[in-house]
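Single-structure report; data block below.
Just so it is clear, A, B, C and D label the chains in written order, and each chain counts residues from 1 on its own.
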Amino acid sequence: MSILSGIIPPVLTPFHADGSLDLESLDTLVEHLVSGGVHGLFVLGSSGQVAYLTDEERDTVVQRVIAKADDRVPVVVGTADLTARRILAHARRAQAQGAAAIVVTAPLYALNNAAEIADHFRIIAAGVDIPLIAYDVPVRGPAKLGRDMLVQLGREGVIAGVKDSSGDDVAFRRLVDANRAAGSPLSISTGHEVMCDGMLLVGAEGCVPGLANVDPAGYVRLHDAAQRGDWEAARDEQDRINRLFEIAFVPQGRSGDAGGIGAFKAACAALGVIASGTMPAPIEALSGEEVAGVEAIVREVGLL
Amino acid sequence: MSILSGIIPPVLTPFHADGSLDLESLDTLVEHLVSGGVHGLFVLGSSGQVAYLTDEERDTVVQRVIAKADDRVPVVVGTADLTARRILAHARRAQAQGAAAIVVTAPLYALNNAAEIADHFRIIAAGVDIPLIAYDVPVRGPAKLGRDMLVQLGREGVIAGVKDSSGDDVAFRRLVDANRAAGSPLSISTGHEVMCDGMLLVGAEGCVPGLANVDPAGYVRLHDAAQRGDWEAARDEQDRINRLFEIAFVPQGRSGDAGGIGAFKAACAALGVIASGTMPAPIEALSGEEVAGVEAIVREVGLL
Amino acid sequence: MSILSGIIPPVLTPFHADGSLDLESLDTLVEHLVSGGVHGLFVLGSSGQVAYLTDEERDTVVQRVIAKADDRVPVVVGTADLTARRILAHARRAQAQGAAAIVVTAPLYALNNAAEIADHFRIIAAGVDIPLIAYDVPVRGPAKLGRDMLVQLGREGVIAGVKDSSGDDVAFRRLVDANRAAGSPLSISTGHEVMCDGMLLVGAEGCVPGLANVDPAGYVRLHDAAQRGDWEAARDEQDRINRLFEIAFVPQGRSGDAGGIGAFKAACAALGVIASGTMPAPIEALSGEEVAGVEAIVREVGLL
Amino acid sequence: MSILSGIIPPVLTPFHADGSLDLESLDTLVEHLVSGGVHGLFVLGSSGQVAYLTDEERDTVVQRVIAKADDRVPVVVGTADLTARRILAHARRAQAQGAAAIVVTAPLYALNNAAEIADHFRIIAAGVDIPLIAYDVPVRGPAKLGRDMLVQLGREGVIAGVKDSSGDDVAFRRLVDANRAAGSPLSISTGHEVMCDGMLLVGAEGCVPGLANVDPAGYVRLHDAAQRGDWEAARDEQDRINRLFEIAFVPQGRSGDAGGIGAFKAACAALGVIASGTMPAPIEALSGEEVAGVEAIVREVGLL
């Protein structure tokens, strides 16, 4: 089975009220996910609020999740930083801790073209011994990763997969098609919560939905239905999940890093999976009214 | 059956070498589409190069297509212009000619907010007696149409459907979900060529793919498979169609209005459906080399 | 003196409460501007809400303004439409009515590349006998006009000037420099209200500020200071004008077409220059509170 | 004199062919700048290719430049990283090394709103004892810094200045005006090479042009002319400098980080100020043909 097959939640990072990591909550969250049947864990992603963590905190999170996962599922690790040599330092620490793969974005702050971005991935791949997954998340950086570049890097063995959070379904489908035509060197997953059914139908091997922190079992059922070719059951499960996803729209007028992740944390807290919905400074946790709105939806779909 | 159900190609507008409309080719194209089994025709869309036509030419195209369709399928008509009162003039002429519905975008050149855009649609709907379909095509104008506004306009009876060419699959799915929750006042179709299978699975009623000018029967087979719940057959047909869609990427370094539409025209010309791939000034038709590249793909997928 | 020299206000279009043109107010506005010393008038621009007018209304506005201007200043006319042949129809009507020049944007709705956009201007220029001014307003259309294309079109005699509302000062300066190196075929003006001093210093020949509807004499004083090389006097006048420009930010949460133009109209109404601040549907006029805020600033800077 | 007064070049970072820092060239570059009369030095900016440096290399550069500057001019230090606590670590190291101020962007990769971004700056300011300069460079990150937020942070003493590389002249002028109205808590500089004359006229206190690495004395003459109110001399000097700036457009089809900085390095190498135009991986240095094009312009304007 390839590295991005199945449901691989981007694990939330819980915090104490004083801003320190809440590692006990991280343990219970990991247990919730693994016992929910997920196929892997992705730590230090956008949903894991990697941008707000120091290097020491990153290492602590990786170590804790790998220990708790205890070889039951693979753990892939995000490495967000500005450019290749800086990312490589994170990648090597992740490898040393037992990461199954690393997840790497295009350069940040830097303004590179396609050839330079391809070399960026090559530099990093040459410096580690674990698979590299390209993370296409243009909303957070200057560059959409091109289809031909990704397939070429797959052919070269530089990258083993693509986590697509580009929100561009035409590009996604064309990537799936080109990858197949090239002999499928890449494992392709979608990062969007609400279209896993459609994307699995058309060729995604896996999904990396932040909402799976709240309802891992639902996503696993969706994936199982897709695996057995029961696409209407997959769609019905997705439709149910999408009603739950409305929690992400309860917070209004919030930043991109505050609303959705804040709602996922609030829902996990309501379910007792983590202790609180605390957010890292300068982001504020949801208000009491927002939390109540989130809980109402969680209850409405039957999770609470 | 609702207004956007099934396969509704955006009909290409053929030209003679001197820039005048090639109405004989328009006739053969319409016959090709109707005999291919399509469920409706959309004239004066982006693929129909509406922006390049004078009002007189628009009227000629509508009249000719409606005459040729001869009540076998409904004909919906685009109305591209800057603002409501200008669009209304086009809409009334289309209605008088027998259009089954009109297709309307957000204002162009104008810079309006959501409330103003909603009123824009209300003004137009109040002035005609045929259904109005909102056309969400942010790449050509300043505004993405909001989900809540669209559903609200559906509830009010202002719009009967949405043609989504936004390329935003998350927004598409959320629109489908919200429409269903509201009692399905809207008929929703996708304007993208390569994801009809996935979008039909998740709730689209129809597809408006420019590529259906080339292969209407293929899209109809895809739609039939979806109708009978055979999603894997739908996907396989889509995969085949997607190999054909590579014609749109043969022209390199062309403008958004030159490459894809130029390739669709070149392919139709290769199939004998229209007389030539002539484009309206200032756009140049594909080069001989590009045409050869298009034809090679058309042949490769077995259409030629 | 070249076509864009000096202060050339984009003339507001006043409306009656029933949505019809208020031509008496248009007369008093034109008189206010000409007696304020402006060097030309630009009708049917963005500030003139051209997008919201029918062709008949456009013609009425042009005719009225040209009659009222009565050869005291030249009148240049906007031609907003989708593509070249449609624009040409407007341009010919404007020429027939006595326009001194026409103002033309890149194609709208269409997706053209630089070569096609250059041909777009060539097609229009070939069809009229009055000068053509290119209008660079990327916020309203898909394309920023490239420096080299503009200078090339100037060299060819296709365009006589550029009205720059791109908000890109680096591109503006580089255009000024390249135009001078080419022998200054183009007359270049800035469309921004707040930087006329700086832009005149660096090589603009004129300014087309919407705010000059409110305070034409202030802009003329600024221009006169610049003409005599008293840049600090120009800057002080600009600083005073910029305090007045804060009226554009009194309306909050409004659309791009509602706030600034709404404030200019409210200020003109407060000064008795036009009868009311009525806006064309679907835009609402400013609220009473907003009008009061506008008037307070107009009073504060001593115009009222 | 405030922290951003005058000409403050963003110092290039020279490399050896093996990718290591070329500190001897850094010394000669600093000497070239200080002896050219500049008023300060900005290290670890975008032109200094900060994104491509490890933390150790950053420290080495800061130490070397501060040592070489030897209190003749203040040295301000960039701190590019993802979020506040990560930036603070860089800021503290810079302070310990003798930085006169730190330069801080909005968060990267993170998706924050205005309130969160303001708190981002507050967190960093609270952790250091040297002034903080906000760096507005939206092309490299998700956020344009708002005028009201900047002035408010100035009033609070959180930030001492703004380096504006937004390319938005209207926003720049409105910031200058609002800052003056607030009692001028901020020192405001422009980061653009080609409009220093205009921006000094309208209220900038300084300029941070990458091109000043090549011609520091030219920018100092421009600044001196502006200081004595000779705006036409300032403009003429700027016009001359702008002919030199054409070196940035010699490389065609390069990335944003390759063309301009590559040309600045090639020009400095041609002048003997640094040993070579080497770029950090994955960026390639200019080709021989491009270098020749750069040198031709440097010669044409009389620097060589």
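The working rule: a residue touches a chain if its C-beta (ideal position, glycine included) is under 8 Å from a C-beta of that chain, and two chains touch if they have at least 3 such contacts.
This structure is a prediction, so every number in the text was calculated from the model and none was measured.
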Exercise for the section: Determine, using the mean of C-alpha atoms as each chain's centre, which chain is farthest from chain C. Expected result: A
Fill in the blank from the handout: chain A to chain B, mean C-alpha position gap in Å, rounds to 35
Exercise for the section: State, to the nearest whole Å, the distance from the C-alpha centre of chain B to the C-alpha centre of chain D. Expected result: 49
Exercise for the section: Would you give the residues of chain A that are in contact with at least 2 other chains, written as numbers and ranges? Expected result: none
Exercise for the section: Report the topology of the inter-chain touch graph, choosing from line, ring, star, complete and other. Expected result: ring
Exercise for the section: Check the chains against each other and report every pair that touches. Expected result: A-B, A-D, B-C, C-D
Completion exercise
The chain B residues in contact with chain C across the complex are 46, 50-52, 54, 80-86, 89, 105, 107-113, 115-120, 122-123, 139-142, 253-258, 281-283
Fill in the blank from the handout: Seen from chain A, its contact residues with chain B in the complex are 167-170, 172-174, 177, 192-195, 197-199, 201-202, 229, 231-232, 235, 238-239, 242-243
